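Okay, structure first, notes after.
In this document, chain identifiers A, B and C correspond to the written order of the chains, with residue numbering beginning at 1 in each.
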Amino acid sequence: MLNNITLGQYYPVDSPVHRLDPRIKIILTLCLIVSVFMIHTLLGYALMLLFVMLISRLSHVPVKVMLRGLKPLRFILILTFLLNLFFTSGETLWSVWIIEITREGLRQAVHYSLRLIFLVLSTSLMTLTTSPIALSDGMELLLSPLKVIHFPAHELAMMMSIALRFIPTLMEETDKIMNAQMARGADFESGNLLNRAKAMIPLLVPLFVSAFRRAGDLAMAMEARCYHGGEHRTRLRVLRIGRNDVIACLIVAALLALIILEGIFVPTLL
Amino acid sequence: MSDDNRILAEDVTYAYEEADKNAVNHLSLEIREGEFVAVLGHNGSGKSTFAKLLNALYLPSSGRVLVYGMDTADDEQLWNIRQKAGMIFQNPDNQIVATVVREDVAFGLENLGVEHDEMVRRIDEALESVHMTKYAEKEPHMLSGGQKQRIAIAGVLAMEPSCLIADEATAMLDPKGRKKVLDTVRRLNKEKGITVVWITHYMEEVTEADRVVVVSDGETAMIGTPREVFSKVEKMRELHLDVPRMTALAQDLREDGLPLRDDILTVEEMAEEVARLLCP
Amino acid sequence: MSMTLSHVCHTYSQGSAFEHLALNDINLEIREGEFIALVGHTGCGKSTLVQHLNGLLKPTSGTISLDGEDIHGEKTDRRALRQKVGLVFQYPEYQLFEETVEKDISFGPKNLGLDSREIDRRVRQAMEDVHLDYEKYANRSPFDLSGGQMRRVAIAGILAMEPKVLVLDEPTAGLDPRGRDRILTMVKHLHEDRGTTIIMVSHSMDDIATLATRIIVMSEGKVCLDGTPREVFAQREKMDEIGLGIPEAARLCQALRAKGLDLPDDLFTPEELHGAILRLWKEKGGC
């Protein structure tokens, strides 16, 4: 019963943000990343926070879900904060024994941590609201000019899409093989690391054998349906830039402009 | 393209690498337009290899295959041949490419470079003719085996082929799915006049075919209408194939002296024959 | 050796949007030496049921006991249970993984911690049981064999655990007539000569008519018919309603009775029909 798996971070609801052209979303995400690097003041981060909350509202993705993306990074975040806090030289604010906290240290610790947080949040905005298949579509189209230099944009996207198609199938299969080996007394759970790794062989070998067989079958089925690479191929999924895409661009452009202005006119507070 | 509307195998031989024996051995067959031809044989008889020779997935080691006048060895015609003679395979999971049903049906059309609007029209029509319209937006892994096979059929249909080759398309299905898939293909054969080459080892599936070709050791062992073929009970058993149970029962009774017809296939025919003999 | 299932229910993905009641109050008594055919449509719960028999799945409610002992009891050794109740999954050839046939078959016995002499004995016995010549096949790679042979190797892998109860989930699926007949003959021998209790999931009423001593029909997670083949196939209407039908021979019997022939109403194998029709023919003085 693996019917209810969602892949990656994708949060499957319908919203204006979800419906944006994936190409636009990829480009805008790049813009956001640039913006984050340009922020120098707390005001800038406040603007960014406002933007993230706006998108959360528009996309029906709760902030809580967005913050989940930060969880795997918590150790790096803490490390970044502490390293900057303790190892930046400058005007001493507070010191005990050999530990010394400087004004610059505090400033950098906050700055770099916030930068990291917003970098993750910016990309999460995209991955949460774009299905993996739409993402690979968008990537293919954005990269397609590179075909001139023989960059395999179509092939990469096709591989991605086949992988997505077969993940549920292979997961189901893993489940089946595991049960079958357990019926032969296999034990996947106990023992030390080496034993457990060894216990995986009866699972992995059949899984690979099956994956290869499937790959062979699929290649033949694709050929039988006239697949011959990306040339002269038309597409069912056509991406069109719509009004909402233009609006999204304008919003991000405004954000970028504000951040640039803030960098020029607001004296560095941090 | 010529106006020849047959598929012709002329003295075709095919050997796999490292095999000491030909998988298909000097086989000749003519498949006429609109026919439902069943190819029956046990595993390893060469029937699947033969199927793959019909649309240039394999090329004959000797002899030739002509699909509507086009030689499968002719590179120029490759995509025309595969468009004309579509194929579905045994494993329902391993022939679905896309993550959404309608996009999978689109796959062949995208490869042929069909325009978008035309594509949408053909997809809708193809899904309609396999009665899967309401599953258009579903993910394939949520469907049953029989439904997946019907999606595969739709994928071929959308390419508007003249012939559908089904390579053991029901072998992995349950009885319900099997019946549904076979019924769908029979209907397409009758209503749309699509030529069908139905490869199988289930005798139940061939009783309604126009012709049955029994393949063994890569050669044609028998050929004829289902009645003609199944009436050779002994020969079929020699070839490790089933005959309909009623045909076998009639044969056994005939050996005990009952003058029953030798071409009985169904329970109804058998009941009638026995009643004719025994009713007062 | 007997198994008792009482009030067994199983719900998949409980509490989620995908919640699905697969087994609904199953009560069964499986006695030693029976050959049970388990039939029903895909999704009727039979595959879920068989995975309960060796403890791979745990009932959401209800109990399963083996010789009076709850298989999910605290003292029960799960591995010993899986040894006693051998389960052959659908398309079992996809679980093969070793370099040689012999090694693959010995995987189960090895997991039981048996010594090498006993393992060797069991591998040879299991290969004999599935009609694979030890000398010829033991050292071959299972991946070089034909589909039917691979399946027999996989079944041998379960037989080598010497189970008292052998559960087979559609053991003939996808095989050609020859492969199918081999598997069915083999199962028949295990039942008759070895006294192994057999539970076989099947879709073919004609196959099970001549093999099974008892048929359990499932529909929508429930047992809806349970009895000898004669009893079950007498319920033609019910079997048609579920969409399973009855063997062709049984249909012939009823068609002939409808035409006024003097036949018993419960014949269901071709052999029985053969005998009965021949008797009528002789009575009528035919020759």
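FYI, contacts are C-beta pairs under 8 Å (C-beta built on N, C-alpha and C of every residue); 3 or more make two chains touch, one makes a residue touch a chain.
What you are looking at is a predicted structure, and each value in this text was computed from that prediction instead of being measured.
Student: What pattern do the touching chains form: line, ring, star, complete or other?
Tutor: Topology of touching chains reads as complete, every chain touching all others.
Student: Of the pairs A-C and A-B, which shows more C-beta pairs in contact?
Tutor: Between the chain pairs A-C and A-B, A-B carries more contacts.
Student: Whole-Å distance, chain B centre to chain C centre, using C-alpha means?
Tutor: Those two chain centres are 30 Å apart.
Student: Averaging only over C-alpha atoms, locate the centres of chain A and chain C and give their separation in whole Å.
Tutor: 48
Student: Go ahead and note the Å separation of the Cα centroids belonging to chain A and chain B.
Tutor: 45
Student: Two or more other chains touching the same residue: where does that happen in chain A?
Tutor: Touching at least two other chains: 3.
Student: What residues of chain A sit close enough to touch chain C in their complex?
Tutor: Residue positions touching the partner: 1, 3-4, 173, 176-177, 179-187, 201-202, 205-206, 209-210.
Student: So in the complex, which bits of chain B are touching chain C?
Tutor: Contacts found on chain B: 42-44, 144, 171-172, 174-177, 201, 203, 240-242, 245-246, 248-249, 252-253, 256-258, 267-268, 270-271, 274-275, 277-280.
Student: Using the touch rule from the top, collect the residues of chain A that touch chain B in their complex.
Tutor: That would be residues 3, 133, 161-162, 164-165, 168-169, 172, 213-214, 217-218, 220-228, 232-238 of chain A.
Student: Chain A touches which residues of chain C in the complex?
Tutor: 12-13, 16-18, 20, 51, 54, 56, 79, 82-83, 86-87, 89, 92, 94-98, 107-108, 111-112, 143, 157-158, 161
Student: Considering the complex alone, what residue numbers of chain B touch chain A?
Tutor: Against chain A, the touching part of chain B is residues 52, 55, 57, 79, 82-83, 86-87, 89, 91, 93-100, 102-103, 106-116, 119-120, 123, 139-142, 152, 155-156, 159.
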